[in-house]
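Please find the structures below.
Next, two complexes with subunit A in common: one pairs it with subunit B, the other with subunit C.
On to the complex of A and B.
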């Protein structure tokens, strides 16, 4: 545990002292702010439909998913690819630390940064509170959904970073993983509801999943999906590192 | 060295394959058995215990087909989304339930086939290709029922600014499922020949009949010539008699009760005539430990009158001592020209269903009477007496703010030992309507789009400068 903490501290320091992290955070808040403001603007017009602003914010449209996948790719691209490019991966893997500890620390560092992105947005429902009567359950569930979806996306991003030798390739690969997941979800919504493929794709659809979370439903299937994808991606990351070490 | 490397690769390959297999298997298992926490306002996605109990007793397969064009649902309260979530719960509660969404825009062929197959139920018999009312089709074998979107989502009044809207999906669909799935429909028999209601008659009767049938009861009128021998009747209902039962008829009813029979009696105040003379049912009531008043219940407090100046139109409230109607406790029950009731038997056997406030009186008694009582006697006989057949009068029963209908339906369900029959009241789903002034919007824009991102940029700059100084 002491080694893991030391590795995590090293990882967090590297993330938070890099300009990329602050650019990502600033851009995330800018886009989130514009998006949330647009939701408020639309819903406050006299002829506006009834809606719940925070529910729309949490995955109400494709616009809220694509940037998220991009941000996660930007966060995770450096995890292993940078070490590899700088030539520090080999020494790290041959140091008296296990591959599991390295993977866990890299993942935890990136995931904590992902969670940190969302912390300032807690101001949004507080701003809303003064002008509406939002239900807090769906808001909490929305954040939980974003945390779980992020856990899986981050793990896929770390896997992409382990597979690639350059950060840009890792980012493209991570975006491919996340984008593929989104496309599968879109496919599910286009296929007939009764077909097996439609049911399977709907089950893995991030849109369907966030549709549940943002209305206040915490479904065990969604939790299992995110956690299992994250676990599998981390296992494969470990496998990739083993292959790297052996070659 | 080469063999070590090969062994690592093999192990890595196996671990990767194992990870993939686990991923698929774990998710497959999670779909077979799953649950959900409902944090929504009003727990709109949670099925009531009554529905779950009803679904658990299903003994035949029920298919729910949602006929809905979701392309029209992009804004406002997304009914398709809400239906999908709630029907998920139905499917999870019983393996007998299968749910399918049929969007006419995406699957026009299947949609047309469904309309053709169920044209009568869908209200399309003999109709052309006009627009079909959207809703949920509930099918079990050759039986089918349909609930329109308007029934599932009652429209709200124009200009309603509340932060929630009524959703009647669960009540309507559970009733429809019971209606089509009941293998054995309990028979409710109605006595005739004493001026009782004829269920084929006026609207009050029709209302009750419609609800009984929608809850999968079979209704049978007893031929007066055949006496009161009610073979196969799960419950006997005496609804608003205006002429007295003959002594031998009343005796048969009493014997039926003593033999474990179930009776529902809706009695209006007889006016000047003594109760026994008016209905001939005094001994039956006495056997169950119930006494009915001769005079009508009067409201003495003008402020409590349902209609100003009409003292015989009384408002009671559903009590909380009868387990089956506890969910209605406190809700209003409106009756006209009601007979007062009071228990004469042990309190454990006679329980008030509807209580009158202290301001209501009947001439011959001290203190407020009860407006409805339920009694159970040794041997299993059950009797529910409601002090007025007007409990089912549409101006009272069809109002959304009274428990009249729900009370009667639940009483019938208790009499026939049904697990669930209470028409579930609509729940309230969240909707937020914002009323933001331009100044407020300006403040929000400044805060959301400028201050917060700029704060992050400033923090990043400070970190960068500190790092540079450290390096320097």
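On to the complex of A and C.
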């Protein structure tokens, strides 16, 4: 555990001292602030559609998913690709640590940063609370949904970083993985309801998943989906590291 | 102790390390000498378990690099080529992190880092960011890292590269001192370094071991070899030129 903590501390230092992290954090907060303001503005009009601000905030439109995939790609791209490019993977992997510890520390570092992105957004429901009586269940479920979706996206990003030797390639690959997942969700909603492909794609659709979370419905299938994607991606990351050693 | 037996490593179609066998014992600095692209760095990466061999094996500090890589890593201090280091950390932060990763006990970390800083004369830069240091200083930080935890085997890839003459002298003295109780295996392409520092040599060319022995033994074996363009060439250089020329193709492969 002590070794993992040392690796994680090194990872967090590397993330938080990089300009990319601050650009991502600033852009995320700016965009989420604008988005929340727009939601309040639209919902406060007399002819506003039905909806609560926070339910709309958590994945109420495709536009809220795409930047998220981009941000995660930007966070995770350095995990392994930068270390490989700079040569620092060599001292790391020849220290008495297991590949599992390295993968876990890299993932935990990136995921903690992802979670940190969301912390300042807690101001929004608190603002609502000052002026109204928001339902806290759906809000907490919405945050849980974003945390689970981010857990899977971050793992896919770490895998992309292990596959690539340059950060930019890792970012493109991570965006491809996340974008592919979003496209699968879109495909699910476009295909006929009765078709097998449509049913399967709707099961893995991040849009439908967030539709459930943001109304306060925590479905164990969604939890299992995100945890499975994260676990599979991290397992493959480990395999990629092993293959790099022997090929 | 290092015992390599028939180590092979390929990169695509290029065999970078070809049936490399040698023994390096404690008590002397063992030099791994060869021209650029001879397979020195790849061999060190195999011994440090960064790469896995395609064939053959090696026993480092009593553990097999293929079967027990973690045990090997616990017993080596490894300086990779060009000492790659994270630029965003301060020297002392980095060494502390490395000491923790190497499993040095909580109370021993400060002492181990302090000793390493003192040995490599890094006290004046311990609070500086590694990214702001000169290449020579970075090389010394890499060496300090290798010494953390007092490992019984040191694998050092070009340890005096990037250092100024005074630091080269100090590092050579340090290597001699360290080799009394440890196995010190040093890769170099500098003949002067091999002659001055190493009590035993393994010469590689084209990914193969072409000679082993003390510098004097190797030089005497090749005393009659042509030195090149009729010049007076010192013994070991003459031997090295002859061995490098006769070593077959030079593997250029890199991971």
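The working rule: the second predicted complex is superposed on the first by the 247 of 247 C-alpha atoms of A that agree within 3 Å, B and C clash if a C-alpha of one lies under 4 Å from a C-alpha of the other, contacts with A are read in each partner's own complex, and residues count from 1 in each chain.
In this text, a residue touches a chain if its C-beta (ideal position, glycine included) is under 8 Å from a C-beta of that chain, and two chains touch if they have at least 3 such contacts.
These numbers come from a predicted model, not from an experiment.
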{"item": "First, second, both or neither for A:17, with subunit B first and subunit C second", "value": "both"}
{"item": "Subunit B versus subunit C as contact partner of A:168, first or second or both or neither", "value": "neither"}
{"item": "Which superposed partner A:212 touches (first subunit B, second subunit C, both, neither)", "value": "first"}
{"item": "Which superposed partner A:9 touches (first subunit B, second subunit C, both, neither)", "value": "second"}
{"item": "Which of subunit B and subunit C A:197 touches, first, second, both or neither", "value": "neither"}
{"item": "Touching partner for A:119 - first (subunit B), second (subunit C), both, neither", "value": "neither"}
{"item": "Winner by number of subunit A residues touched, once subunit B and subunit C are compared", "value": "B"}
{"item": "First (subunit B), second (subunit C), both or neither touched by A:246", "value": "both"}
{"item": "First, second, both or neither for A:183, with subunit B first and subunit C second", "value": "neither"}
{"item": "Common ground on subunit A, meaning residues reached by subunit C in one complex and by subunit B in the other", "value": "17, 245-246"}
{"item": "Touching residues (chain side subunit B, partner subunit A) in the complex", "value": "4-5, 8-9, 11-12, 15-16, 19-20, 22-23, 26-27, 30-31, 34-41, 45, 75-77, 81-82, 85, 100-103, 106-107, 110, 163, 165, 430-436, 440-441, 444-445, 447-449, 452-457, 459-461, 463-464, 467"}
{"item": "Residues of subunit C touching subunit A in the complex", "value": "45, 48-52, 70, 73-74, 76, 78, 80, 82, 84-89, 93, 97-98, 100-103, 106, 142, 145"}
{"item": "Residues of subunit A defined as touching subunit C within the complex", "value": "2-3, 5-7, 9-10, 13-14, 17-18, 86-88, 90-91, 93-98, 245-246"}
{"item": "Residue ranges of subunit A in contact with subunit B within the complex", "value": "16-17, 19, 21-23, 25-27, 29-30, 32-34, 36-37, 40-41, 43-44, 48-53, 120, 123-124, 127, 131-135, 137-138, 140-141, 192-194, 203-204, 211-212, 215-221, 224-225, 228-229, 231-232, 235-236, 238-240, 242-243, 245-247"}
